[in-house]
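The structure is given below, and queries will be raised subsequently.
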Amino acid sequence: MSVLKYFDLYFKLISAGVRAQLQYRFAFVMRIVGLITSYTGTAVTMWIMLYQFQELGSWTFYEMLFLFAVAILSWGFCIILFFHFRGLDTYILNGTFDRFLVRPINPFFHFMAMKFDVASFGQFIFSIGIFIWVGFELQLDWTLGKSLFLLFSVIGGVFIQGGLLVMISALAFWTTKSEQFYWVAMYPARNLTNYPLVIYPKAVQWFTAFVVPFGFVNYFPAAVLLEKETPFFPDKIGYFSPLVGIIFFAVAYYIWMLGLKQYKSTGS
Amino acid sequence: MFRFRLYWTFTKKAFLRSAVYRFDVWSRLGSNLIFLLMWGSIWTALYAGREEAGGVSFEAMLTYIVVSQFLTGVNGAGTPLWDIQEKVRTGDISLELMRPFDVPLRYLFADFGSVAFYILTALLPLYTVLFIFMDLTLPDSWQTWVLFIISAFIGFLIRYCIEMSFGLLSFFLVETGGIVDIFYFAMSLLSGSVIPLWFFPGWLEKMALYLPFQGIYYIPNAIFIGEISGSAILLSLGIQLFWVGVCYLLLRLVWNRASHKVVVQGG
Amino acid sequence: MMIIEVEHLMKDFMVAKRETGLLGAMKSLVKREHIKKEAVKDISFSIEEGEMVGYIGPNGAGKSTTIKMLTGILVPSSGKVKVNGIVPYENRQKNAKNIGVVFGQRTQLWWDLPTIESFELLKEIYQVSNKRYKENMDTFTEILGLDEFLNTPVRQLSLGQRMRADIAASLLHDPPILFLDEPTIGLDVVAKEKMRTFIKEINNERKITVILTTHDMEDIEKLCERMILIDHGQKVYDGEMAVVKEKFGKNRILIVDLEESSHRLKVTGGEVFKEESSRFWIRFNRDAVSASELIAQITKTHNIKDLTVEEPEIESIISRIYQEGYQNLPETVKV
């Protein structure tokens, strides 16, 4: 099938997914409320923390909010495109995954197109609101260059976090578990990166920069935009986010395909 | 008549059952450790080398966070909120209405079993090691230890009643996303689990002191590090007892309405 | 032409061993042992174009493992598979275009959307031309009565409607081969009958090769000319349905209740295979001896209170084959 045909099919599949989701209006609204509540909760926690202490590893409250908003913006896209990957284990356990394998299209593509969670558009409102507020407080001037930089960093962040979700879902092919891996590994790790990495032990910083490159999601790019130092790391390392993202996602896709091969030889 | 033996079998069964889910045990411990690392690092950076802040020494603050993470592990080892919701949705809980026992109590006793297993096999070994290798304050008298354990236990009961009540809301609402997130927010912030109440802005501290959540983490933690001491401990335990009573009544109320709904409208 | 060829097909799995008791539970926290399970051991068969074959066996016999290898979901441990000239696991996507699959217990339709939308999406996924899509939809609507629920969300369909929709969905792209996994499970008598009529019709008119797994013996009796019986991963019987019925259908079972209880009953020409106080079950071959001869024999020595003669149902024949093995069935039965 041609690439164009795939695009056309993706559009048709996701629009079906969106229509299915919108059948449950109340759930949809509740999800938006839920997402906004939990982000506000984190922001309030940051505010209280810095109410007494002013600074966290030389980052002020507004700088931290900015850091947080960058993470949320790319995570928002991730939820839309990839969040359902964490539930692959359920599909495998109840046998519904097989239906992706009896069809004449790429199963990764098919699985990805199964859901398109529009509820997380709610978090765009949240993060854009924060960008405006923080930009005003810190008197950031949004030049075209900076805006483009942010855009590319967010794309990089989507690839990195999406890649991680893909890798976690691939674990289901070997262990029949994935949702749980998300909650015990990625969820806490995502929380970790809501705060500037500089506060963590060096080993952790190194790990989040080069093994699971969360640092490239928000910390490095935000440091570039806010002109903050990133001790232990070269200046301007934030410029590499898109590249790191693409490489990481490619690796993740490869692992997923490897897992699929494993699944085909064990069947469970 | 309270049939202790009956409920005790649920405890025993849950204890044995948790042993089967080894992955759960390891993974929960792993995530607990990541959060400990996170909050430990945050507080280290906030103190930024200072010996003390707001009248609390760094060592005591670090202890507060470690104990808090330990209690988070304890409180997170029972039936989680989403599982209760799932059981409501699948009708498991409705089915249990036909059985000759009280459902909320049955789950509480089952939780005792799984929590005990998790404490014995995972939390206690890990946190013992942490206390040996980190510079942390330990209570200086055995009385404080006892009072801490009592307080932590009451905190566990408060948390159970609130969490179960929230879980049972699924009987009335198809989707509870937003409400559940409010619960999680209250659990993490207003309970003082990550920031002790004395660091809150005045108005928020007052608000938190009028809510039940402080009884889950703040009071036991503060007793442990000696921030609440002497007769203030008894007062705090009194406050906890008051809240456990209120939360239990809330749970009863929600449960009665839920079971009424099942009986009358068939779920 | 052979449309499906399977030679010496094998599939092994490693399964975790469950430990028991508290000590075992503690042990499994650290280490878990695995044992090898042979789900399919050395199965061979071939199916001709246009055949309708019942692939049957008890739970865990290896039915769905075989089907998964034929559909390209599973890679065999060893052996050869060819479906319409394609090796499914090497060329899964190409194979997918040649097959239609219906899992009776799991729908492949979009749960929350009106049924028609699932058809439209499948049209895109399988790249069915507009013309062919329309033709097929018209036919299926007519035979299966799809129009009564095309605009209803799948989750609101009755099981019978959902199965009809699922079958139509699996045939949209004109596959030469159709796999049906328990297509009548959970349906009521009327819906089952409708489903069978439809399956027969597409097999007859479109010359679609159908492989059917089922637990419903009536399905097999009414639909399949040939059946492949497997148990414990091995083929137990492969041949015409009629032959099985012929062979075992000559058996009759005579059940007699005697006035006086329990002394041993002996009859020539029949075999007493079960007794319960004063009731006896006697198996005999109708060609060799008649029921009245047997009864006459018995009345010489005993007083009969009551009697019945039973004809074996296909179900009991098959369950006997499972229990005793095709080869091991007693001589009186074999012809």
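Per-chain numbering from 1; labels A, B and C assigned in written order.
Definition applied: a residue touches a chain if its C-beta (ideal position, glycine included) is under 8 Å from a C-beta of that chain, and two chains touch if they have at least 3 such contacts.
The model shown is predicted, which means the values in this text are computed figures rather than measured ones.
Engineer: I need the chain pair with the most C-beta contacts, please.
Structural biologist: A-B
Engineer: Please list the single chain whose C-alpha centre lies closest to the global protein C-alpha centre.
Structural biologist: Measuring from the global C-alpha mean, the nearest chain centre belongs to A.
Engineer: For chain B and chain C, let me know how many angstrom lie between their CA-based centres, rounded off.
Structural biologist: 52
Engineer: Determine the centre-to-centre distance between chain A and chain B, using the mean Cα coordinates as centres, and give it in whole Å.
Structural biologist: Their C-alpha centroids are separated by 29 Å.
Engineer: Let me have the rounded angstrom distance from the C-alpha centre of chain A over to the C-alpha centre of chain C, please.
Structural biologist: Roughly 46 Å, centre to centre.
Engineer: Taking each residue of chain A in turn, which ones touch at least two of the other chains?
Structural biologist: 24
Engineer: Enumerate the residues of chain C that touch no fewer than two other chains.
Structural biologist: In chain C, no residue touches at least two other chains, as defined above.
Engineer: Inside the complex, what are the residues of chain C that reach chain A?
Structural biologist: Touch residues, chain C against chain A: 11, 13-14, 65, 68, 71-75, 89, 92-94, 96-97, 99, 101, 103, 105-106, 108, 110-113, 117, 120-121, 124-127, 153.
Engineer: Sort out for me which residues of chain A touch chain B in the complex.
Structural biologist: 24, 26-27, 29-35, 37-38, 40-41, 44-45, 48-49, 51-53, 55-57, 177, 180-181, 183-185, 187-189, 191-192, 195, 198-201, 204
Engineer: Considering only the defined contacts, which chain B positions touch chain A in the complex?
Structural biologist: Listed in rising order, the residues are 23-24, 27-28, 30-31, 34-35, 37-38, 41-42, 44-46, 48, 53-54, 174-182, 184-185, 188-189, 194-195, 199-201, 204.
Engineer: Going by the contact rule set out above, which residues of chain A touch chain C in the complex?
Structural biologist: 1, 5, 8-9, 12-13, 16, 19-21, 23-24, 94-96, 98-99, 101-106, 110, 264-268
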